[in-house]
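Everything below concerns the one structure shown next.
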Amino acid sequence: MIRVRQKPFDPGDEINAFCTHNANSGAIATFIGQVRDYVSSESGTGSVSELILEHYPGMTEKELARIADEAASRWSLDDTLVIHRFGPLTPSEAIVLVCTASAHRGDAFSACEFIMDWLKTSAPFWKKEVSPDGSEWVEARESDDHRAAEWNAK
Amino acid sequence: MIRVRQKPFDPGDEINAFCTHNANSGAIATFIGQVRDYVSSESGTGSVSELILEHYPGMTEKELARIADEAASRWSLDDTLVIHRFGPLTPSEAIVLVCTASAHRGDAFSACEFIMDWLKTSAPFWKKEVSPDGSEWVEARESDDHRAAEWNAK
Amino acid sequence: MPAIDVLYFAWIKEKIGVGQEQVSPPGTVKTVSDLLDWLADRSAGHRSALSDRARIRAALDQTHVPLDSPIEGAGEIAFFPPVTGGAS
Amino acid sequence: MPAIDVLYFAWIKEKIGVGQEQVSPPGTVKTVSDLLDWLADRSAGHRSALSDRARIRAALDQTHVPLDSPIEGAGEIAFFPPVTGGAS
């Protein structure tokens, strides 16, 4: 299931519901991305007071569903959940949650990491960090492109 | 932190506490192992009514701590949590929870999977499945040895 | 060519000053790249936002496409910087 | 040799009938494997439990060791099948 939402969510509650819904899957892997309180640019030194996540409504959901489908075609999965927030976020809030359920832990782990890697380079979200120095759009990292591309070599 | 316990635990509550405790770690990876309701042996057809986990008190905690230390020496981690149950368990209950916190998702994912792979082959736990056919000790799988060994080639 | 909805996101939107506009480019505009050239002439903001092609990505009808893709038949074209969602 | 605590787990414990016993093997028992040979003579249950070496693992003072390890100085030796904790 794909959910793109502005309101905060409770990772523990979502994970418990996912586990209950997949009670016969022996292996559940999850990833939680949290807002950090320091700016991502190497030249910056300030602390982040707010993170603003812009997205492309409609395309976001399509891309996340495409990524989840791709994961399901590569590994044996019982279920997948992706929750991603947009709008203003504050440090320590959860930005993203990915859960995968499988009979095998290797499949659950690989699919969860794959979804995060592809999400980073193809889901249409853009981050703007607000700090005492002002606000700045976060630059994409080449290392993320490499991570996403490596899955095609596996 | 390492916790070996008989009583059930709530994965969502534990994960939320771990996230709160590591509020500045951008990346949290987790794995939850659940008791399945079907027997693991390929010849068996019955459903599992109970899983009994025996362990080696004292050594279990030592081995889990050693594995977590090894993970911390291989990757950049802010924190690690391993909870493993022993005693009688029923299907769909959580057996094991591993959480890793890092600034980088690659480190969080790798460390979490590494801990599960090593735990499978070195933490002194033994599973006995109780089904309508009787009760049977679960056999170790060679594939688990391979997975654990592969980390030394990375 | 029929009218196309053009969408802008992140700093591209900020430089242009609008997030969406409807345009009717001439028939000589055949690719995404042609459209960027044509849009750049609309204002100083457009020129500033759309000049550095290495930092621009495009989607045709909500699917990622390279800049040399033909645009014929597209109803919605979006321009945005490389994406930065997810987590660390 | 001083007395050693020997621990058994899982089906090894079930076959032997006890989870723990204190033994004082003779000085000729130098390795884990020697100890297994010596223990096997204690009862039919011991023999049945300890005969298939491929299925037996050992720990000396709560650390995994190969079966050819010397046991001198050990206070606690455990025998068990390959471990099966964790999850799928």
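As written, the chains take the letters A, B, C and D, and residue 1 is the first residue of each chain.
Just so we're on the same page, contacts are C-beta pairs under 8 Å (C-beta built on N, C-alpha and C of every residue); 3 or more make two chains touch, one makes a residue touch a chain.
No experiment lies behind these values; they were computed from the predicted model shown.
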| item | value |
| --- | --- |
| Pair joined by more contacting C-beta pairs (A-D or B-D) | B-D |
| Cα-centroid distance, chain A relative to chain D, in whole angstrom | 48 |
| Chain B-chain D separation of Cα centroids, rounded to whole Å | 25 |
| Whole-Å gap between the CA centroids of chain C and chain D | 72 |
| Set of chain D residues in contact with two or more other chains | 86-88 |
| Residues within chain B bordering two or more other chains | 26-27, 31-34, 36, 103, 105, 116 |
| Chain-to-chain touches, reported pairwise for every pair that qualifies | A-B, A-C, A-D, B-C, B-D |
| Complex contacts: residues of chain B adjacent to chain A | 10-16, 19-20, 23-38, 91-92, 94, 103, 105-106, 108-109, 112-113, 116, 147 |
| Residue ranges of chain C in contact with chain B within the complex | 86-88 |
| Contact footprint of chain D on chain B as seen in their complex | 31-34, 36, 53-56, 58-59, 62-63, 84, 95-96, 116, 119-128, 137-140 |
| Chain C to chain A touching residues, read off their complex | 7, 9-11, 59, 62-64, 78, 80-88 |
| Contact footprint of chain C on chain B as seen in their complex | 26-27, 102-105 |
